[in-house]
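Look for chain A in each of the two complexes below; its partner is chain B in the first and chain C in the second.
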Partner chain A sequence: MAVRGFDEAEEKKSYGSVFLLGSVLLVVLTLWAFWDDNFTRRPWKQFQAEFYRLDYRKAEQAYEEEDKKLRADPAYQELVKKLAEERASLRGGELAKKLKVLRRDETKADVRFTELDQEVKFIKSELEEAWYEYDHAVQQGRGAKPYEDRIRELEREKAGLDPQLEKARQEREQIKEEIKKVNSGIKDLETQIAKLTAERDKWVKAMENATLNAGPISFYKIPKIHQVVLEEFDRNNFDQPVARVDRCQTCHMAINRAGFENEPQPFRTHPRREVLLADNAHPPDKVGCAPCHEGQGAAVNSARQAHGEIPYWEHPLLRGAKVQSSCASCHLDVQRLEDAPLLAEGQRIFEQMGCTGCHLAQGYEDVPKVGPSLRRIRAKVDPGWMVRWIQNPHSVRPRTRMPNFSLKEDEAVAIASFLWSISKEEGEKWLQEQPLPASFREGDKSLVAKGKDLVESIGCKGCHGFAEGEVSTVLGKEKELIPNLKNIGEKVGPRWTYHWLKNPRSFSPETRMPSLRLADDEAMTVTAYLMTLGKPADEKPSLEKQLQDAKNIKRGESLVRKYGCFGCHDIPGMEKESRIGVELTTFGSKTLEELFFGNRTDIPITWDDWTTNKLKEPRIYATPRVEQVMPHFNLTDDDIKALRILLAGFRERKVPSRYRADQSQRAVQVVEGRRLMHQYNCIGCHEIEKRGGFIGKYYENPALAPPPLNGEGEKVQSGWLFGFLKRPIPIRPWLNLRMPTFGFTDEEANRLVAYFNGLSKVEIPYAYFDERKVPKEHLDAARILVSKDFFNCFSCHQQGERKPEGPPEGWAPDLNLAKDRLNPEWIIKWLQDPQKVQPGTKMPSFYPGGPDNILGGKDDKQIEALRNYIVMLGRKGPAAAASR
Partner chain B sequence: MAGIAQEKRKSPVVDDKVHTWPHLVRVEFLVGIFVMLVLILWSLLVDAPLEEPANPTRTPNPSKAPWYFLGLQEMLVYFDPWHAGVVLPSLIIVGLMMIPFIDINPKGNGYYTFKERKYEILTFFFGFHVLWVSMIIIGTFFRGPGWNLFWPWQHWDPHKVVALTNVDLPYVLGFRDYFWSSVCGGVVVFGYFVVSLAAFYLWILRVKGKDFLERWGMVRFLITALLFVTMLSLPAKMFLRLAFNVKYVWVTPWFNI
Partner chain C sequence: MKRSILSTFLVTVLLVVPLSSLLAYEGGAVSDGGTISGVVKFKGAAPAPKKLDINKDKEVCAKTAKNDPTLLVSGGNLVNAVVSIADIKKGKKMEPQKVTLDQNGCEYHPHVLAFVAGSSVEILNPDGILHNVHSYSKANSPFNVAQPKFKKSLTVKLDKPEVVSVKCDVHGWMSGWFFVADNPYFGVTDNSGSFKLTDVPPGTYTLEVWHETLGKQSQKVTVKPKEEVKITFEIAKK
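Moving on, here comes the complex of A and B:
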């Protein structure tokens, strides 16, 4: 039984010591809580205090430096001395007396003017009232006569006062003017001094900005949160728009201020600030930092939290080049951006390496298959070569884009036999229709030599290499976009080569290999040359039988399906197969749980490491149970980095359109057109968007290389460009190079025209030139200007049938073409300054500095006259043009 | 009830009241101070555990109920939802409501005693602490991704695979036919109740004596016995599952136990 009852000792017991202990602890903890709340959890306060000190010190230093410079400057000293003298002279003597009188007069005049002014104002006010009474009386049908009289009276009064007021004003102005004159010496000096001290006084302002002045005391500014809120920038996981709150600049206070480039973080200036943080780009006071750099923008408790490098925060700070992955969130056309080179490179690799053959990704759905069609493969390649190629393409051509599937030989034979069987019918039919010309003699020395010359002169090298290491167009760091033909003889025979060269599209309608419009004998010489590059290896006698084996064919088909060969190649019967790889649209948002690391223990568990190693060694995460089929692309580390940055940007993130950069139709056209341009490798020969023209390295004289096409959209007329793409004509007949016929469809040609127009920001693609409005004096003047006496245009430019008079390497395009080809506005720009339009052009600059005696010596007029003349040249003659 | 009053009157009269002040208030005040100290210290040292933002397209693994429901969630491992989620919780509530009716021991009113209420307290202790609270602890700390069991020092591997080899008890006993399996299960369940009711009777008889049973009455005995035996069926089933991979004891077209 429990002890119950009254315990006296308990009542008398003192708990004083326990109470004291509890109270003391409570006080201590309260103080700790205060400290924790204000200092431990608000490190930004320290940062700001530190920054203001730094800012103030810098300004002070700069001020003192400037001040020292000023003091040493004799001009400044002189001015200061003069000012002191001037001031002294005003303080005593005649002038001072005069000034005193003037000031007194000024006060008097001021009073007089103010009095009169007020009187007039009152009269005006009374007039308003009288008019109201008058209107009111009329509207009510009462007699308005008394009000009319009142109005008349007031107007009389006002008329009497007005001249007086004007006189008073003039008197006052006159006195003021005189005072100003007396003071003008000082004023003058002060302005001159202010000009000299502007640089120094700027720093006074800077010091004031870092401090708070309350009367006589001044202290550093009180720290406060600097916050940018982007309404509806994000969408939460329930697809509701939410604001993004960004407080990064609470610590990074100098992010948009010059002069802090070498300070330690968080006070460093943003790199390329002038461009990236400009008002028309990403002004940090409006868009903040986190939209590009991610991190936990709203957090300020510690650098680690603010940077989001904590568990559960899904978007940690994008460090280093990875920030480029953010560009794609708002910019549709990222290849144009100068500050996202890795992202652009990643995109090029992704589009052209064939990634999209197996992986679906939003925005890349329509990238065409990158490999050749295998519909007639039997008619093209040597079977032994084919087996070797399938087994490991990198051993045949180390830089090829075709990845290595790490197949065993029997697997390669099986795939080859499947491909052999499906191309039997069409391949043999094509071969029957395309016999080798009887006159072809393999190994004929003169044919071979001629062929070599032709290959080297007509532009084959813009795309193909013909020797070890010879490459013009590189994808990524070292991939060959187009096959190197140094061993082509091992792969194909003369019959196929001859007909392929003559018309690639007859063999493969979708091929991007263009026709160079080779005549029969030209094709024959090139074929003869190519056949000297490598010989087919001796075929194993059993191969033919293996290729016919039905078991092999069946096995080959299942292997082709397993490895998804149809992702890159057109294979009959597999046109509708879907991509075998995982969709990558939101790959960048994948969590670590979603990434399969297999049994690897040597790879750090991060997204970056997973992706890097996957691209480096695609089957690295395979386990004895989990097979992986992604092939080996043999990418360099740089390529992998670029791809990783692209992939990091494939995020579940929808930035609202009002925050996004240009998404107009034009931007879409540029992106699509550029993709097409890359597909046909225009940059192999031409420089476009300051990139490409790779064939140029084979030419010492740039005049003999294909022309750069920077600004082509602005230069040529859209209609002409369309026609030219469909059916090229020689513009520079002195070049041995040939613009190939690509066989663009109308849609493709239109897309390319829109691409060039989009790049040049051409708003209105068609312009009409009304030759009837060309004054005759223009034509006369221009005829003199183009003559030998002045610019001597036709020493370089061809004119119709008339060849230029100078040496061929100086020749320039036919001016008769200008009418249809060139944009009239562009011609003017070109004549004004050719070097500005196309740096490095051999076209001389004639302006400014045209002859004085033509069209009044005015450059503008002369240029316009020349333009009009050039545009008229293509016509039958001015008379014919006028009569039309 | 008359008996209780009589008993009370017989006990010696003692002064069993003390003043609120200072006995209670000052101690409460001191306790208040120390509780505040602990809370302040805790809030200073430990931040609120936040995880990633909720995402309807990504179910968290493991998906856990609020901690106070984790006992229930743990029971779902061993029984059908209707049984673990409806029948057993209802019986718990009904059983708690029954306590004033079935408990005829007047000892311990107004004071603390263990000796005088050994079986009452031990039964409650077993039901509440051993079954309910310990299952909450298991559910909170020992259940990881995939609702698999993890020791506290083990990494919660979301890809952990545990072989699924559970079978029904009749299958273990060799029944393959559906009908006879059902019959077998029914027999086992009924058998369990019959046997344990009898055992419960014998046990009460031994520890409390015949007098007590007579005072207790048939109805009270049966209710208590049923509740007690049902309560014990939970650890019994857990044992069958964990030791012998038994999925269900009794499988019928309408319910499984």
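Moving on, here comes the complex of A and C:
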């Protein structure tokens, strides 16, 4: 039976081994695929498994500890014993019998009530029917009498049954109540025990959260990706909004859970979790992690990928303090952020060091020039000093903000001669109009001594230092915001000084130096004192000639343009020049390819290293072909770190407004007002936002130092503050210090008022106090309260012309000013607890503990009466009577 | 008799130990304690007493002439200095005290009030005018309480050991001190400049003297059972 092409041997050959091999391979591959999918390529699954184990173990431990505590607690044991007894008695004792009887009665009562209820319901239905028939008959004009009778009959029946039903209901309720009473012992005990065990039993819940329970078997939870999607957070290359996916919490599972503070990463709790991850701050289940920490939020394949620490990923994880740079993406007012001190410091340096003179950056366009005007410089400084200063300011005053341009002497002379020439006309004209008073005698000992006294008492030291190391407001780690005057005699002469002191704005209309309202003789003494601090160096005879040299002047002008001096100084003819440096608005997003490292091979190729070295040694990347002109600021490493953090926050990616923090008008006002406040160095004397008051270190008695202004917006009336800023008046006559006249424009004064109001969250800046609504009994009571026998307010407080006894340093502000100055609501707060409003104040607390016999001894009523009285003091008209 | 002593001792230990553990001082019965006594001398010429300028409420405050209390030297000895053991950890029992500060005649009596931490100070105002009591404390929360005529007495509590300056802002010349001690071994020098610390367990300690104007000085002292050791401090103007 041979068939052609049919090979019997082939047919008989066994392929079993091939199939076996194939099957084995298939199985192995399947297993491998499973393994790969679950383990090799999913490292996060191991993290999660590890976390659940950790979580469970911790909960178990905590549970056992609590359990041990409970078992050692006699109160708990007592309760458990009682509960067991009660239960036993319910099962078989006296109570059980009683309960049995009650249950039987309950059934009976139930039946009786239901029967009656049913009957009443039937009657009600029949009544409905009868009413229908009645209405129908009336509408059809038939006789309605039979239905009327029927209705009356049914109502009678119902009236008879109603009391019975009510009685049955009451009986039933009563029995139910009794049953409840029998059971209540157990209920009571159970709630008491639950209270004690609550602390322990919450750990049971925690253990349950880490596990899955399927009947009797329980195992750790199955790992899964935890992701947060932020809709429209990013923009793609076509500028379309796209969502950001953030899966960080797939591994960082305890980020928002207490109790993991000391665990290794990725299981550690976030630092300052209560504040930073609070629902009103950055709840991680809503905003994720990457918006602040950057990295590659969607990646889960490896920690390195997830952290974005791989080539070409443009937003690697921000490690350490650098994360502060992200705050500026959403927060307009970074100075108020407690957790971003370096960012805030960096911003202060950036604004006040003059960076914005050469570099444009969004949000910093309106920072005023930080240097003085050079319009009349010729009338002010010694020419020799000027050359030395231009050549290297740090050698003259090491802590000055003015940077060192590393100029050669002839370059410095050229710049000086240019500045000398442009200030010739205005400078000489000003000098002609400002002669030195004939009575001025330089070096007169008594004048000098008086001048020194005045300098030390009226508040000059709030801004200036007068000896080595004496400093008020420090910028960054060690820069002087305001010049130290220990060598001022080298720089300026008596004539300029005298008139500058008397009226700084007549010399330089934009200066921040305020007028201290010095009388002529006062200005003279201060001038005499200042002129003892250093002598001008002997001038090189050739300098005068060099300064007039037209070639020098021309060269000087081109140098001034090259180095952009007009960025910080007002220079006539260069008012419209634009900034010479690169724009920094997106500097933080610069890629490594965009950063010019020149020929430096010793500097690691990272953004941080480039920036650090640039700030440290600004011309470090120059090559023979590429010149760099950025001057040397002599910054400390700490300053550089702070600046770097600020700059890292200058990003290309903008966070959509719906994700940002407070961007309101008020926040803008606070930011702008604070900038102005810094410009005028208010914190040199006053503590504002818990910072400053640096002059205070010269005063042992804080009562003699300038008042802190924390909460000033809440304290004073806006209109008053505006007027005070424009034209200060003495409020504390015992202070030798003078609040200077800064010559604020209306716009500036308004901005400062808005700043203080914004800080204090004042919603309504003007409030009307209606004196007609003050009850007479308040005034009567207050007059007694302020009197000598009670609070004796005028023992310290001045009242108009009536001055307190004793020396002025023991006095307190004039209460006649209160009506215009203080916010009525604030006076209440103040009287309730002065130490809380202004810690350390001389004003003692009179409350709690007002006298019992006035206004019913009620403290709050007395405080209100006092407030009303104070607000009416010094008013004209009928209220004036109150002041007597 | 013996048993009652023992049980008193035990009760004392039980009562005092939890409290003192907070203050790092352990108090108990001291059976063979010695005594430290002595005098604080002022080195140099004694300054002439300075009259205070009473410039307010004269009808009440200026009844008696007042000398500046910030440096009182009597017969070459320093008054109002506080001598204390700085480094004692175990000794006689320490209990909160009830002490009194009197403002009679616009002056603090005593000028330096020493007591252990946790004590209450009753402050009296028999003057019939407004005083205020303003503490410049750091460890204890500072207070500034008004004491008008109708409030004859008020009480404050100081829980933490420190030296606190007390002032009256109404009457600028009034100044006083609270010496809040962390152990019961302290004494304020009297008009003869002398002090005495009793029931000190045998051992070597650092004895410290503090004065508001002259600062601090210390020396080592060794106490032997049931013996009295005499110490002399000599402290000069800085």
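The rule is short, and it goes like this: the second predicted complex is superposed on the first by the 769 of 884 C-alpha atoms of A that agree within 3 Å, B and C clash if a C-alpha of one lies under 4 Å from a C-alpha of the other, contacts with A are read in each partner's own complex, and residues count from 1 in each chain.
Note that in this section a residue touches a chain if its C-beta (ideal position, glycine included) is under 8 Å from a C-beta of that chain, and two chains touch if they have at least 3 such contacts.
Since we're looking at a predicted model, the values are computed, not measured.
Chemist: May I ask you to decide whether A:834 touches chain B, chain C, both, or neither, giving the answer as first, second, both or neither?
Modeler: After superposition on chain A, A:834 lies in contact with chain C alone.
Chemist: Based on the superposed arrangement, let me know which partner A:809 touches: chain B (first), chain C (second), both, or neither?
Modeler: second
Chemist: With both complexes superposed on chain A, which partner does A:795 reach: first (chain B), second (chain C), both or neither?
Modeler: Touch status of A:795: second partner only.
Chemist: By the touch definition at the top of the document, which applies to A:843: first (chain B), second (chain C), both, or neither?
Modeler: Once the two structures are laid over each other on A, A:843 reaches chain C alone.
Chemist: Answer with first, second, both or neither: which of chain B and chain C does A:633 touch in the superposed model?
Modeler: Neither partner.
Chemist: Does chain B (first) or chain C (second) touch A:851, or do both, or does neither?
Modeler: second
Chemist: With the touch criterion stated at the top, can you tell me which chain A residues are shared between the chain B interface and the chain C interface?
Modeler: Shared contact residues on chain A (touching chain B in one complex, chain C in the other): none at all.
Chemist: Which stretch or stretches of chain B touch chain A in the complex?
Modeler: 14-19, 22-23, 26-27, 30, 33-34, 36-37, 40-41, 44, 50-58, 61, 111-113, 158
Chemist: For chain A, which residues count as touching chain C in their complex?
Modeler: 703, 788-792, 795-796, 804-807, 809-810, 834-835, 839-846, 849, 851
Chemist: Would you tell me which residues of chain A are touching chain B in their complex?
Modeler: 1-2, 4-7, 10-11, 15, 18-19, 22-23, 25-26, 29-30, 32-33, 36, 236-238, 312-314, 593
Chemist: Can you check the complex and tell me which residues of chain C touch chain A?
Modeler: 55-57, 129-130, 132-134, 142-151, 154, 169-172
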